[in-house]
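Here subunit A shows up in two complexes: once beside subunit B, once beside subunit C.
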Partner chain A sequence: MAPLVLTAILMIVPLAAGTLFIALSRAMPVVLWTDALIFLLLAAMAAYFWYVRRHEHLAAPWRRVAASSVGMSALVVLLAFIAVGLIDSLHFRPRLAQPGAGGEDVHAVQVLSLLDELARGLRSRAERTYSAPLATRAYSKEMLELADGTQVRDFPRLAHGGAHLKDESGRSRDILARCLAALALALACWGVLAAVLAAALARRSRARFGDTWRALLGARTRVPWRAMLITAGVLLAVAFPAAALSARYHVLGTDKVGQDVLYLALKSIRTGLVIGTLTTLVMLPLSVLLGIMAGYFRGWIDDLIQYAYTTLNSIPAVLLIAAAVLMVQVQIDTHPELFPTAAQRADLRLLFLCIILGLTSWTGLARLLRGEALKLRELEYIQAAHAFGVSHARIITRHILPNVMHLVLIALVMDFSGLVLAEAVLSYVGVGVDPSTISFGTMINAARMEMAREPMVWWALLAAFTFMFVMVLAANLFADAVRDAFDPRLRMGN
Partner chain B sequence: MTAYIIRRILYAIPILIGVNLITFALFFLVNTPDDMARMQLGAKRVTAEAIEKWKAERGYDKPMLYNGSAGGTAAITDTIFFEKSVKLFVFDFGNADDGRNIGYEIATRMGPSLALAIPVFMVGLAVNITLALLMAFFRATYLDVWGVVLCVAMMSISGLFYIIGGQYLVSKLWNLVPISGYAGGVDSVRFLILPVLIGVIGGIGSGARWYRSIFIEEIGKDYVRTARAKGLSEATVLFRHVLRNGMIPILTGAVVVIPLLFMGSLISESFFGIPGLGSYTIDAIQAQDFAVVRSMVFIGSVLYIAGLLLTDISYTLVDPRIRLE
Partner chain C sequence: MTESVLRVEGLKTELEGSGATVRAIDGVELDLRRGETFAIVGESGCGKSMTALSILRLLPETGRIVAGSVAMEGTELLSLPEAAMRGVRGRRIAMIFQEPATSLNPVLTVGTQVAEVLMRHAGLRGEAARRRALDLLDAVGVPDPARRLGEFPFQLSGGLKQRVMIAMALAGEPDLLIADEPTTALDVTIQAQVLDLLRALQRERGMSILLITHDLGIVARMAHRVAVMYAGQIVEMAERGRFFSAPQHPYTLKLFAALPGAGKRGGQLAVIPGQVPPLTGEFAACRFAERCEFAFDRCRSATPAWAALGEGHEVRCFLRETRRAEPLGSGRAPSAGPAGAPLASGESGAARAKPLLAVRDMKVHFPIRRGLLRRTVGHVRAVDGVRLDLAAGRTLALVGESGCGKTTVGKAILQLVRPSAGAVSFEGVELTALRGEALRKRRNEFQIIFQDPYASLNPRMRVADALGEGMMALGTETDHVAVERRIDELLAQVGLPREAKYRYPHEFSGGQRQRIAIARALAVRPKLIVCDEPTSALDVSVQAQILNLLKSLQRELGLAYLFITHNIAVVEYLAHDVAVMYLGRIVEAGGAEEVLRSPKHPYTQALLAAVPRIEAAGEEEFARLEGELPSPVNPPAGCHFHPRCPSATAKCREAYPEAVRLSPTHAVNCILYREQTNGG
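After this line comes the complex of A and B, so read on.
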């Protein structure tokens, strides 16, 4: 269960730091709907794991997950994404420097997140329009006035990207030097991390530090710490140079209005996470309740629920989502008075998208659970419970629900990656998130038109696709590890 | 069998009524026609007359469910519900917001949609089964392990990336085929080859991995052990016994999507400018043409129900032990 503790620390530290920051800077905390639900989900997960820790039969499959080196490496990547998403979920309205008439604090209208604050440099160092990654000059030629008054058409220097360079020919050397320095720092951090980990493990198992260290390096630990450390090292080796370079350059270039693409990609993570997790939050109660009820009670209840999901299923999913989103859009447009700020409106639309996706996607799991409940209700222990006069509600919660939980969990982790990918497609169709919400879908949509330009503006597309790919791949690999550990059919096969 | 099919068709009626009620509720009750008119005409500074005119042109000025002012059957038939929803049952779709007949549009756009969807489906099925069988043949070797890893990686790539990347590489960089567009007849091959290729490649990740798991499960069964025990070679076991039995879940699983091929594929049609039903739907969604969206929802659900029926029938065809009662 050691990875759990690590996870908890990784989650709590940014949240605590963020809360502290908001309190110290006397900003006005803003809790958007999706923020509240994310923290609710986090609390639910914490409660679940606390419960699992105390029940050996529940903890056993998780131990198998913890022993999978691919799964745990994927988890490290996923946790990095989640940490960024969480930092981006602490919203506040910054305090203005000018106090009000009575000396009280006045807050800006703009809602920022802690990530915005941390990446303030990225946010404020905007160019006028496109610029390539690490470029010092703009993407297109403009009329420039030279010092002697003559005018030439040339690529203008960027306002921020590489502006510290007196001589542009030194760019490669400057970039290299910064990268090497950052890599050295990353290596140092990584070494400290590994040493702390080994010390903690040695302390826990009451072994000598040297022995633990050798076991760690030789991958002889039960939890694949070495694989996790290597993954973390790769992450650090990418993140540190990117952070170091982004102070002086636009690491991934800038988009049409000059925004830093790295900043956009980081902001998109939260949108993807929200859609991937909150949708399941909506879907889960529906599919668990209705699926089990249909299988357990049979008869007219079964007919009714089957009718409901066949009907919903028969409507093409994209069209149903589109229809529902268009309806929400009309409602939002006709009732502007309900949304005080643009951030709240965009957030509510994101929430509605999750609800709609949840309402259209509960049918698959419900059908699975119905089949499982049909099988379970005929088993002897349930018949015995009946004979003892145990109520239906109690049989369902005490005897059926725990025995289908593994299916629910597998569906939960398997759905995540599909939902992240679906967001991009839906945004392309025009029924995704609010156009003002930064997401992978809106990034791709905006960059798609620039394919035809010569030379091509490729960086925004590539950044969106790469971030999305890494996130979805990590989720898929982790989901596979979870499924392998929880699916009893697979385990018997081995 | 005939009795079963008739009963299943009858069973489809309440489902279609349900679909109709859901779309009616979504399109007319949650949003009144007034809202729609305001959306279409621009939310601000729109006069009441303009809204009334917009509604009258499209027949949205009638009462929702019951027309008290009209006598006899007209009290039921001269309503939005009857005009816009009930008439879908006889495939009378009415006109789109631009005045064109939806039924005619659907009939002409079905051809290009099928020209793209059928090759993607057939070639994709063949490729996925071949790859899955190969992985099953080399199971538990590096070839299999890396094949699965590759499948997971391919699954994790956004479908949009395949399209955009393919267009860039094949059309822009290598100049092999046009980026987008469509022409009738033999000429269409030039325009279809890239979307078909991309459709197939995009489906390999999940398809091949899924079929592999079906084959692997099949390999663990008793009859395979028997076949090996009587001295058959591994290749014979795999290609003669496992392939045939594995095809049952694969084909019956694939049958359900056959009718839906008529709907076309939303994303690739609109990226490649193919004038099929998929791009029609996307255009309608983007133009917020609710009449078209409603029609496509209805057609989609009819085709889905047809797919379920075909699945049941195909079970009896491939497995004589199953009888439909």
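After this line comes the complex of A and C, so read on.
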């Protein structure tokens, strides 16, 4: 269960730091709807794992997950994304410099997140328009007035990208030097991380540090710590140079209005995570309750529920979602007084998108659970419970639900990546998130025009694609590990 | 007879488990002669099936053969390339499996599947293959083979499917047929048909059969030579006659002593203490020593080698080396035959006057709904007018083949399935009239034990929770302390340690789980327990423990058992009264003595005759029941049994025969008998 503790630390540290920062800077904390739900979800997960730790039969499959090197490496990547998403979920309204008339604190109308604060440089160093990754000059020629008053048509220098360079020919060397310095720092951090890990492991198993260290390097530990360390090392080796370069350059270029694409990609992570997790939160009670009820009670209840989801399934999902989103949008637009800030309005729309997606996607899991409940209700321990006169509610909660939880869990993890992709598709079609919300979908939507330009602007699409790909791949690999560990049919031969 | 077909030497197979290597087979030697049936007996997990799969090199992915040789008429099979091995499988060695339902491909017709084998091994195609397939189906006794060729497996009954499997196995004209529990999934009457077929085919074709079974009765009926396997090794090998008359290995003796039967009625069945040792390590001692009552110092310090006792009788036991072929006192003779101790008498009138449970004319019909509006187009008459009486402290055995409605009777008595008609009176209270809360209040008085100890306990509930569930739901105990105390008491009653209560079901063996299931039923202090085949999923030695437990519980607590089973030996051992069921109706009922010793109904007679018995070893011919159980959707007119009955007359087709009383307790539904006569 050690990876769980590690996960908990990774989650709690940034959250605590963020809260502290908000309190110290006397900003006004803002809890958006999705923030609240995310924290609720975190609390639920923490409670679940705390419960699992105390129950051997529940902990055993998680232990198998923890022993899978692919799964755990994917988890490391996923955790990095989740950490970014969580930092981006602490919202506040910064305090303005000059106090109000009565000396009280006045707060800006703009809602920022901790990520915005940390990436203030990225956010504020905007260019006028497109610039390629790591460029020092703009992407298209403009009329420039030289010092002597003559006008030439040339690529202008960027306001921020590489502005510190006196001589642009030194750019490569500068980049290389910064990268190397960052890599050295990354290596040092990684070494510290590995040493701390080995020390912690040694302390826990009461072994000598040297032995633990050798076991770690030889991949002889039960939890694949070496694979996880290597993944973390790769992540650090990418993140540190990117961070170092982003102080002086636009690592992934800028978009049409000159915003740093790296910043956009980082902001998109939260949107994807919110859609992927909150949707399941909406979907879960529906599919679990209705699916089990249909299978357990059969008869007219089964007919009714089956009829409901067959009908729902026969309507094209995109149409249904589009109709619902448009209705919500009209409601939001006609009641501007309900939303003090633009961020809150965008957030509510995001939440409704989750709810709508949840309402349209519960059918798959419900059908699966119906089949399982149909099978379980004929099992002898359920018959024995009937013979004891145990009530239906109790049979469902004590006998059926615990025996379908592995299916629910597998479905949850597998659905996550599908939902992240669904958001991108819906936003591309224009029925997804609010246009002011930064998401992979809106980035890709914008890229539609950019790809048609001459010369082509490729970096925004590439950045969105890479970030989404890595996140979904990590989620899928982790989901595979979970399924392998939980699905009894896949566990042949042990 | 002495020409060797298959010689296995020093065969060792290992299975890669999680963390440890299991030595599933550890040095098996056997020598199969042409035209003989060689039986391997043993309890589950002893390596019988692994031996068969190793011979055919069809091991699961985790298994590998580490040593030994398997020679088929001089050809070493273990070193053949896989392509050549495919020619051996089906052509020289064929195999039939336990479960005919899953051995046939459900989306291909029978003809296609037989033709496939013919094409592979005989190179026949088209019309030639069809003709040969017809011959084969005819040879295995499939009626109307031309029609069956075009049918799909789901259209065939279990017995027919197994016949088709045998036909496919014969298609390559193999020298050796490996039959892995070929009749375990079949009813006794069908089992008798299939065993007869195998024997006839062997006689015609001079084929050798390697028969794998756990049933000593089948061994007695089929085998020429027998090998007993224990913990991955053969421990005794002998000709059939010697094996049954003078078994030598203590394990074999225990197996015989654990078999239930009429002869052991009064007493306890022998049990083998302890469990099969884990097969993960190297054995430095006799692997049975820990459980053997004759074990002495040497058994624990060295592994016994083969000791030849003459006439091909060999045994791995130090006792035999020192004291040659001297009979061991206890359990030498396999169970006494039907001529043994008297069965329970049918009278005891006082108890009979006041029955605990009285079932009258109970019917359970399941509607068949078709079409858009789900209109009822017919009924499955699972139970069609059943009459039963059961007094406190007695055991009524309900006997019949699968599909005859026995289990439905049990569930209908407990009101788990509501009867469509009739009366179920329990201590004078009419259960069918009770609804909701009133029924729930009485539920503690009747409980059920199921067949499969793996499906009858919720894997996610600790033992204490499972035992406590009924007490909580029915409020039979006053508070938590009382519940806890009762759980401890129950565990002691069924012979489990107190620590068991905080563990999960998967930590227990099959027999222990069945004990937990019994404790769960006992928890609410019932007066009646419906036992639905409680031992049929268990090994013989474990079955003995459970039967002993049930018997002692009955003595202590005065429980009444409705014992649903198809195992006649268990009935002989346990039952006071017997009711024989056929297609939803009781055809004969009476005291165990009356029904089992002098069966009157032709069906009862055929059913009892079909049971393979150790005592009947070598006896050949007796009345065979032809055909199979008809569908309860559309039962035959008149007496349901007449299409299969050897004594059927035209009158049998006209009306269902009334019950005829042959004695105060013995009744039979057959026109062959008249009131108070001794029948014809």
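Note that the second predicted complex is superposed on the first by the 492 of 494 C-alpha atoms of A that agree within 3 Å, B and C clash if a C-alpha of one lies under 4 Å from a C-alpha of the other, contacts with A are read in each partner's own complex, and residues count from 1 in each chain.
The definition used in the following text is that a residue touches a chain if its C-beta (ideal position, glycine included) is under 8 Å from a C-beta of that chain, and two chains touch if they have at least 3 such contacts.
Bear in mind that the values here come from a model prediction, so they are computed numbers and not experimental data.
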Task: In the superposition, subunit B vs subunit C on subunit A residues touched - done: B
- [ ] Could you tell me if A:L473 is touching subunit B, subunit C, both of them or neither one (first, second, both, neither)?
- [x] first
Open item on the list: For A:R120, using the defined touch cut-off, is the partner it touches subunit B, subunit C, both, or neither? Pick first, second, both or neither.
Closed with: neither
Open item on the list: A:P402 in the overlay: touching subunit B, subunit C, both, or neither? Say first, second, both or neither.
Closed with: second
Task: Contacts of A:E56 with subunit B and subunit C, given as first, second, both or neither - done: second
TODO: Please indicate which partner A:H164 is in contact with in the superposed arrangement: first for subunit B, second for subunit C, both, or neither.
DONE: neither
Open item on the list: For A:H392, using the defined touch cut-off, is the partner it touches subunit B, subunit C, both, or neither? Pick first, second, both or neither.
Closed with: neither
Task: Which of subunit B and subunit C A:E380 touches, first, second, both or neither - done: second
TODO: Using the superposition described at the top, list the residues of subunit A that contact subunit B and also contact subunit C.
DONE: 493
TODO: In the complex, go through subunit C and note every residue touching subunit A.
DONE: 15-18, 60-62, 411, 414, 416, 439-440, 443-444, 446-448, 450-452, 455-461, 466, 469-470, 473-474, 504, 506, 517, 520-521, 524
Open item on the list: If we count contacts the way the header does, which residues on subunit B are in touch with subunit A in the complex?
Closed with: 14-15, 18-19, 22-23, 26-27, 30-31, 35-36, 38-39, 43, 152-153, 155-161, 164, 167-168, 172, 217, 220, 260, 263, 266-267, 281-282, 285-286, 288, 290, 293, 296-297, 300-301, 304-305, 308
Task: Contact footprint of subunit C on subunit A as seen in their complex - done: 56-57, 379-381, 383-391, 394, 398-399, 402-403, 492-494
Task: In the complex with subunit B, residue positions of subunit A that touch it - done: 307-308, 310-316, 318-320, 322-324, 326-327, 330-331, 333-334, 417, 421, 424-425, 428-431, 440, 444, 448, 451, 456, 461, 465, 468-469, 472-473, 475-477, 480, 493
